[in-house]
């Protein structure tokens, strides 16, 4: 026995020494739970891809570190007086294979993003036509003026791909085997379900960027494993550290958890399509039953802001001064009594494997029970969750969402509008006024007037409890101190091209 | 019977098993609620996009037609394509095979020496305290949940002491050894007691057999009898059990791979189930079944080669 | 030399000891499960947001979890659900396997051949993968797990029973009963079953332990019992996030599983020695 112990120890020591081999190139290694499964920017709107597409495909505009829109592939642009015609002037840029990036590529890429087969055409629905006027000029005609349009030229699926390459290899091959990219990075190696290694694109238009040679995106589903990897120095960035560990991690000399703002909102969906939550009084009772700030504090260890409206805090025109619905047990009981006690138990549906949503569900269940609203928790896997959500087979579902831009237009369409294709995040909430305001706000160019419209939408939907807003969490990404200047924008875009490694 | 003929016969026996398994898995997978199309492209996509994806993969067809197509593909050796990664399932399996294979071999290697030593000690000191201690530790190792052990070990050796990486597979042989040490130990901890138990009782049985009594009556030293006669003859049943365990491990490293983030077949399986990546689930199950049968066959052959008394 | 000659006695002498120890552990768990409410002192589901993540103390012996619930109380109440999983989970495999093994071994012929093909099929199916797929198809929860167990767990029992029956079938007293013209079903139940069942009784103990550990693994993967039920695997999965700051959430449920597993294994070992000695 002793002999075994000794030889194991010897083996361990010897292995440890081998493991510490130095790396020749500068690489930022990030562990993330979000998978990269598709490299075609028009084929997915899932979190893993949203974060990735920006690294591979440059857009006409870009955002600076402080969130300002600035020239990207387009060095300048003009808007017609009626706000319906945009003329973009392209800078001289190249694809990763060295071929020139022209107006034809832009027209091709935008047409793919808004056309058939695009996973997420919603941002481009205002576009009537995209044409290449000459080598370097792109003309976009809109059906009607759209306030957020310029911002949409920056989002993840507005990336420019090579027309020549996609047409030559076909869209399947062109995006699985070494895609031709226009962004800061290109694909060096892709091991599906494991890791994606990006290397710097030598032809990227921003000369001097990226500053690092490689970025490795490593898929690690387990939160604890990611943290342990960061602590062990195996990676430089851990996406989504648990709130419980933020304090401890940040206290370490080698790790920073800067808590950058995000467009994420946690809330509880309520199914307006069936009893008990088809009754506004029961919904209001459910909202008044919750002590949102205590709940936020417990779940996020005080790192998030309790939510006061149905839209994320980081969006433009968020209604900061709105009081929201506060806890009032007596009122909740009164509302329930008035509505007539609901029959049976409401079903709280949570996704299996998410400790956080389970925790929320248990807390909500307990606080609802305190006012006499009975419920039971049903844990289902992600696939089933979406199935039951879209078919309306649930009563409540703690969940979260984020927005790809800081403009509230897409957020309102996704979460509040009952006539925009997904029944207000499948809650079946359908308020005519809110629906009209959504369209009106898209076409309103004056920021002050737009703001008033969005404020009104937030007041109506919060008052009617379209969902129960819970909290606005910051990002809890944990960084090794050897990485400098890296951050995730509120709208899920990394600036790997600006980041550096310092030893 | 020649080895070759035997192989042919085993393969023929395999056909109905594979057909049965393919039907069961196909039915299970397709009847599982959850839409692969939505999981593929994220929540915010338009309904038309989902319809188009389902059409592209033929998911809108009636199930019997889908199954017939699948079998048609299988016959020409095509396991289909992954929905998510757009690459052939066979390639995906091939990519994820090395870490799992490495892990299983590693765990077995770590198991062998402790098994021999512990079983020998337990058998020769039967009923005395070493035997009891080995038994209790063994039972504890067997019933210890792998995920719990994994969490505790990665915390202690990975984070607090920093001796081993807590995840991944690494690059190159030595790095693999380093990365997979904790996962392999976690596996060995419950495999070893099973083998020890088996080997110990085989040893005891041999120690009681007539030829050992005869050797003993001739006055041969106990240690000599043990090494020359008992040990060799006792290894066969354990070898057989080892084969069964290897077959089980090839499909049973799911939890270890999850806890230590090893990019192997177990992870691929669980991710594919969650993503409803139908062809990957089906292909993996067929692969696991095939591997089980082949490993069993290999063990049978090895047994026959070692011991002429065993007939195939 | 003495230890070799004395081995028969040694194992016989050890049997009651192991049996008693294993029995005592399992009995203690059963008692705790029954009396959980009065032993624990706290309601396992009561949330106290002022008592989050408290370390073990005189007030909370095993500390509190991320919702301020008493971990000791949850571990004790967890015995209820986990023992239930073990005992209830073993029933279907035991019954199905025994039936298949009895009928298959006793009557032989084409029925036996068919059954054995079914066994081959199930064995070639990777156990874990099948359970995973079935639980995914039926949705997480204890009931799905039971169904999955019923589908795959019977094989071992069928094999054990069939092997025993094949031996018993050729015994004189069975032949005698047959010549007396007794109904085969009567012979099967009255004479074959009682003689074939003892190795099964031993395996049941091991199997219960395995079913509990495996059930906890499913709980860990998020496919186990529904919240807020206190189940050891789920508790470990929940506590994993807090392992660095609050090790007790994870640690104690794990110990509970290991100890219960030890209990069942000892019980099985002791039973086996007793039966061997009895023969």
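We call the chains A, B and C, going by the order they appear; numbering starts again at 1 in every chain.
The rule is short, and it goes like this: a residue touches a chain if its C-beta (ideal position, glycine included) is under 8 Å from a C-beta of that chain, and two chains touch if they have at least 3 such contacts.
On a predicted model such as this, the values are computed, not experimentally measured, just so you know.
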> Nearest chain to the global Cα centroid?
Replying inline: B
> Which chain pair is joined by more contacting C-beta pairs, B-C or A-C?
Replying inline: B-C
>> Please tell me the distance, in whole Å, between the geometric centres of subunit A and subunit B computed from their C-alpha atoms.
In response: 38
> Between subunit A and subunit C, what is the separation of their C-alpha centroids in Å?
Replying inline: 44
>> Nearest whole angstrom, what separates the Cα centre of subunit B from the Cα centre of subunit C?
In response: 22
>> Where in subunit C do residues touch two or more of the other chains?
In response: 136, 139, 221, 237, 240, 243-244
>> Going by the contact rule already set, what residues in subunit A reach two or more other chains?
In response: 224, 381, 384
> Residue numbers in subunit B touching 2 or more other chains?
Replying inline: 32-33, 151, 155, 159, 258, 273-274
>> Can you tell me which positions in subunit C touch subunit B when the two form their complex?
In response: 1, 3-4, 6-7, 10-11, 13-14, 117, 120-121, 123-129, 132-134, 136-137, 139, 209, 213, 216-217, 220-221, 233, 236-237, 240, 243-244, 247, 250-251, 253-254, 257-258, 260-262, 264-266, 269
> So in the complex, which bits of subunit A are touching subunit B?
Replying inline: 1, 4, 12, 15-16, 18-19, 35, 37-38, 43-47, 49, 116-122, 172, 176, 191-195, 218, 220-222, 224-225, 228-229, 231-232, 234, 381-384, 386-388, 390, 401, 414, 421-422
> Which residues of subunit A touch subunit C in their complex?
Replying inline: 223-224, 227, 242, 244-245, 248, 294, 297-298, 350, 352-355, 358-359, 361-363, 365-366, 376-381, 384
>> For the complex, give me every residue of subunit B touching subunit A.
In response: 32-36, 38-49, 52, 82, 84-87, 92, 95-96, 113-114, 117, 151, 154-155, 158-159, 162-170, 174-175, 177-178, 181, 258-261, 263, 267-268, 271, 273-276
> Any idea which subunit C residues touch subunit A in the complex?
Replying inline: 45, 47, 49, 52-53, 66-68, 136, 139-141, 221-223, 226-228, 237-238, 240-246
